[in-house]
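Please find the structures below.
There are two complexes below, and they share subunit A, which is joined by subunit B in the first and by subunit C in the second.
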Partner chain A sequence: MPELVTTAYSDQAASLDGTLAGMGHVRSAAISKFEETGFPTARDENWRYSDIKQLRGQAFSVAQKPPSTEIPDAICETAARLVLVNGRFDVERSNFGDLLQAMSIRPIANHLMANNDRANELHSGSDALTVLNTALMRDGLVFSVPAGVEIEEPIEIVHLMSGADGAAAHVRHLIELGEGAKATILERFVGDESTYWFNSVLQARVAEGAALNHYRLQTEGPQAIHTAKAVVSVGAGGNYNACNISLGASLSRFDAEVRLLVDGANATIDGVALAASRQSHDMLVHVDHRMPTTTSDQVFRTVADALGKSSFQGKITVAVGAQQTLADQSFKALLLARTAEANAKPELEIYADDVKCSHGATIGELDAKAMFYLMSRGIDPATARQMLVEAFTDDALERIDNASVADAFRDRIKSWMMAHAPTQLEKDVA
Partner chain B sequence: MLTVRDLRVSVENKEIIKGLSLEIKPGEVHAIMGLNGAGKSTLANTIAGRNDYEVTAGTIEFDGKDIKDLEPHERVGEGLFLGFQYPVEIPGVSNLNFMRTALNSVRRYRGEEDMSAAEFMKLVRVKAAELKMDLDMLKRFVNVGFSGGEKKRNEMVQMAVLNPKLAVLDETDSGLDIDALKVVADGINAQRRNDTAILLITHYQRLLNYVQPDVVHVMIDGKIVKSGGKELAAELEEKGYADVA
Partner chain C sequence: MAGTQETREQVAEITGDYKYGFVTDVEMDMAPKGLSEDIVRFISAKKKEPEWLLNWRLKAYRAWLKMDEPDWAKVNYPKIDYNDTYFYAAPKSQDKPKSLDEVDPELLRVYEKLGIPLAEQEVLAGVEGARKIAVDAVFDSVSVATTFREELKKAGVIFMSISEAVHEYPELIKKYMGTVVPQRDNYFAALNCAVFSDGTFVYIPKGVRCPMELSTYFRINAENTGQFERTLIIAEEGAYVSYLEGCTAPMRDENQLHAAVVELVALDDAEIKYSTVQNWYPGDKDGKGGIYNFVTKRALCKGKNSKVSWTQVETGSAVTWKYPSCVLAGEGSVGEFYSVAVTNNLQQADTGTKMIHMAPNTRSTIISKGISAGRSQNCYRGLVKVLSGAENVRNYTQCDSLLVSSTSAAHTVPYIEVKNPTAQIEHEATTSKISEDQLFYCRARGLGEEEAVAMIVNGFCKEVMQHLPMEFAVEAQKLLGISLEGSVG
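Moving on to the complex of A and B:
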């Protein structure tokens, strides 16, 4: 990696000194670590399929607030709408609804200022991108739902990148659910055509009997690099339910690390990625079953067209003594063209003997018989393909607990098919 | 309505239909009988436009129009219907959504307006009841978990909803018990009108007891070797293909 890139990030970290209370030594520790390790390469197991040579070759400056931007329309009814523009919380454009009566939402700066030790509690990360996020984080939101409080409607976080050519946003969100609390976070990622890098870390703690739904809709601009990490811990009988949709960006990565820390903790992590030409979508999951009777289930469906690439790495670990763990994982990839690429790497590490763990991975093409059957009933090839792809991706949307979120995701998948299907049409008919 | 002349069809470079001619007029029911491997299903699929079946010679005219270069969905728009020997299971696509999309695709092809959801449901309810098909089955995924007989009845519901000019029914009678066979036969007879035609493809005479054909053809090795009235079917049943042909 060019020295210049490392030096640029070291300078950025230094320039951020004093911006968030208590972060000084946390930043310097992180940047030292980054200077030592640098960006990962394809030789690193977790980075086999994400080609980040662009990150290695170019230092992204700190994104500045643009003069003006248009905030995307809502996709469903929400309890609140929180907007970050180029990685900075934009309170003017945000709408808290009535939420502040039931829970607390505040910028991470306020959270850290209230207590100097809090910076030390942040997840500093082991992979280079999380480490860099720790060194360069500037903003983010802290959500805290008190015990017993249930927030029904989704809380939407809109991440908008605009006019940030050559710049990056390193965002950190914290989510804390008290005992028996319930909330739905809907993260959206939107951007323009500029070449920017969005790098976020979301940390969540789900207490005993609490339930966090975490839905993500990634529709970044076509030149964007989107790298996101979720670090989640779940307490006794708690639930973490995630569904990630990757549609945009040239390179996109969603990496979920979920720790089931106490008996009866449960996680479902699902996702859909649709990669058009020259897009690369990577989804990584690591579910760590630490204690007995913890359960997890993953359903991932990816579609790749032309020179698109979709990859999945799913790891399940079951600790010594974590008996009666149930863990399932299903990955299916659909290639719409022979030039498209799909990678699957399921990984199971099991150190307990009384467990039920399963995984399945398949990579295939659209079923020619089903295509002909639909066409033989008068349905044109583009619509037939769309129906089959929707049916295929629907498996991963079934667990979404909110009908309007699920419908919005389906709409996006449909639009993607309508925009990308015609390239393939001739081949089906030929 | 359908005129096939000197048709030759290859599948994976192997010639299956070897010079076949056939003429079906409005109001007629034709039956093509033949042993396995005679090319009956290939003929049905070729008429429907399956793209891996290559027409190497001959013509297929439907309603005076050469349909050889039309795509499968366009042929349906023109008024063709193929009943499958093995209806395909499509997980994730509901039967109702499938049929409504199909019907509206055909209507659009003909320059007609989409049918409203309410109107469509009314139509489907009637057609399903006629074919003794439980409405719940229509809400399920296309053919998934259906028994053989249910799949064939589902084909008949689809035919009734699309109301084609010409229905080509490929072994629609196979795998049916006698009750299901009668229901399916009723469905076929309901489609039999002065302005429609039906081409039945079958192994056995059984279905022809319930749907009386006007013309019976015997197909052997990619060709029609003999044609006659409905008595030909009985003769085949009695004497076997070798003796009749």
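Moving on to the complex of A and C:
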């Protein structure tokens, strides 16, 4: 079976020949690499907590454009709304606002066409899913904010999967912020009930003194597999601030690789995952402190109910000579049901002595005393529980720079709680 | 923050000059170099082992052939040539001496030089109040002397080399050996099962509190040899034993392999306290020579309310790969791991623990302090796992690292896997969060936060170290002086 799957992807890569300029040899190098390694298994360290046997056992075809589909409503005021349906940019449904006057946004095909070397500059990755994304990418957007330009409102990218049963979309976005530029990218992922696979790679370069806010709201359909990678490099005094919310999909993974390349680069990476039914959410972060005086901070909160599983693997590396690095990480998991599961692997790898790095991780259930306190003030158990979970997850939302994005995320978390509280409630009443 | 000058000096003192690097010229009986079924048979025949044990070894050997050397640890070393190693080396003598008078005086001098009291009268004539310690001395592949056997026998305690136990208590060995660490558990454990030479066997009967500390002293002497010992300790219902282990080796330019297996079994209400001061030759300043210490240590807390506590002070070895673990299978059982690991020069240590919570109300504590100096690498790797049937599990983990030089490295790789919501798991890598209550108390009395934290953690460690006997405690005390200031999670 695995050979059949690999062959299917090799065929897909071959059929894409000539679709994106300069990608021919990049694709073939990637697919050869994939043929060698195949999909990872639970024995691979980074895949300990995500079992992708579904990907190993089934070849997902190339997603086709659906006949018609409804685009979800906006969750907040945005500067522009860019829509990708089944992994293809849909220009008719997109709205660029006034953005094109200040910055450039174009499909990756145009970007690659301009220069033959651009395909070589793409991140080809070492993990199988990024490699496969490189081999099979078909579309994506390239954002380029010139030096000194600040875009205040979020730029929304809606990824919609519709009627793509048994199909996959491999999307690649590139973001480039010039010196002192500022932008907020809000990525949303939505889908229907079909069994599809969404696999994206986002590459970002944040120049000196620039700031990129990267917010993700993952509400894929219940049968979906969502695997996303962000590869970000940050220059001197630059800022990368990310917040990821994992709510949907049967199996989801967000993997952020952040390189702090020049003195004073800073990153904050936060996340919330809420897992119910048989969902598995995995969040991975690797912050690589390459130079002195770089700083990073991570706050992750996860909640698992029913047969849900939430996992976190956070790695901080401090390179030789990267003195006066400050790196913090906090992970907390709540288990709401007997059958839920939480895993954590907060890792530190430090090669410099004058640094301050720390991590803390806790796993447990809701504090009975806090519940009692709220109930003694006349709050019913369901509301009390909801309040406590909201307070718990809120730690990870505090750094969101845009109040309406933060509120929208809070609303989603609240509705999740309302939908999933009953299992625990019954136990309390009994 | 960088370590203070005082810290640097202390680390240099502990790990600087290796005091136990001398070589002793003893006539040796060696197996031919290399590893094959014939060598396994040779070792088994040398030890006049029963058929079942030979078969057990061969089974392990065949399994080992099919296994791969693990590469996941954060250690680098050239590939070991298993055909260039002696798997058996024993001081030449006919049989194990019946009393100390019959032991080769050259060997006795070795232990004297190492400061290990082999002569019983010396201990008996010692300072009043000094604790008695029974010693099993393992020299290369064999046990050369075991002291206080008679006195221990009166209490019903069995303390002897494992090769003797195979003949005298085959039923106990058959019942327990390989049950805690299965043959195929890992590459080095399988290798040990095939070629283990000697080691210590301890059996504490029901309700007995072992009247003295038991200890084994491992010494690698011969060139190009590997040491593969097995230790098996069984504490029956309500029994208690404190066991200590020490290790040294001569300074040689070649690397030598030490692949031991330690299995502990604690039944209802039993308690085993296992302490190690590991001081194998770490290699020279340029990383030449030294011991590869690839050890599998595991305890099975089989009975209700049983308790196993591992304490280790790791200063030696060129490469350490060691994770003393507790399988908490008995309801209310307790596992503890207290570790101080110091690396210097080009040493590499990848060490930590696993706490597997299988039963309800089990508790575990992990306190790990890593100190790296020179160009060394020091890694804490740990697993806390709570299975779904284990209610009300409690774990507290704290691991601190201190880097004393800008060229050394410290890593922390803790795994936390929880399948039961009633578990309360805390992993802390920042000292400031150790115990809010204690901190508050100290601060209310005018101490600064740093001071207060240092006082709390030091005080706690001291308490652990005090359980070590004199000769171990002296070494451990030096380590304790190292300030917590500038800890890196």
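Going forward, the second predicted complex is superposed on the first by the 429 of 430 C-alpha atoms of A that agree within 3 Å, B and C clash if a C-alpha of one lies under 4 Å from a C-alpha of the other, contacts with A are read in each partner's own complex, and residues count from 1 in each chain.
Quick note on the criterion: a contact is a pair of C-beta atoms (placed from the backbone, for glycine too) under 8 Å apart; a residue touches a chain by one contact, two chains touch by 3 or more.
This one's a predicted model, so the numbers in the text were calculated from it and none came from an experiment.
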item	value
Residues of subunit A touched, compared between subunit B and subunit C (which is higher)	C
Partner chain in contact with A:333 - subunit B first, subunit C second, else both or neither	second
Contacts of A:344 with subunit B and subunit C, given as first, second, both or neither	second
Which of subunit B and subunit C A:37 touches, first, second, both or neither	neither
Partner chain in contact with A:383 - subunit B first, subunit C second, else both or neither	first
First (subunit B), second (subunit C), both or neither touched by A:324	neither
Which superposed partner A:373 touches (first subunit B, second subunit C, both, neither)	first
Touched partner set for A:45, first subunit B, second subunit C, both or neither	second
Which of subunit B and subunit C A:360 touches, first, second, both or neither	second
Subunit A residues touching subunit B - in the complex, by the definition given at the top	367-370, 372-381, 383-384, 387-388, 390-392, 394-395, 428-430
Subunit A - residues contacting subunit C, complex	45, 320-321, 323, 333, 335-365
Partner subunit A, residues of subunit B touching it in the complex	48-52, 71-73, 76-77, 82, 84, 87-88, 90-93, 97-99, 101-103, 105-106, 109, 141, 158, 162
Residues on subunit C engaged by subunit A in the complex (per definition of touch)	1-3, 72, 74, 388, 401, 403-430, 433, 486, 488-489
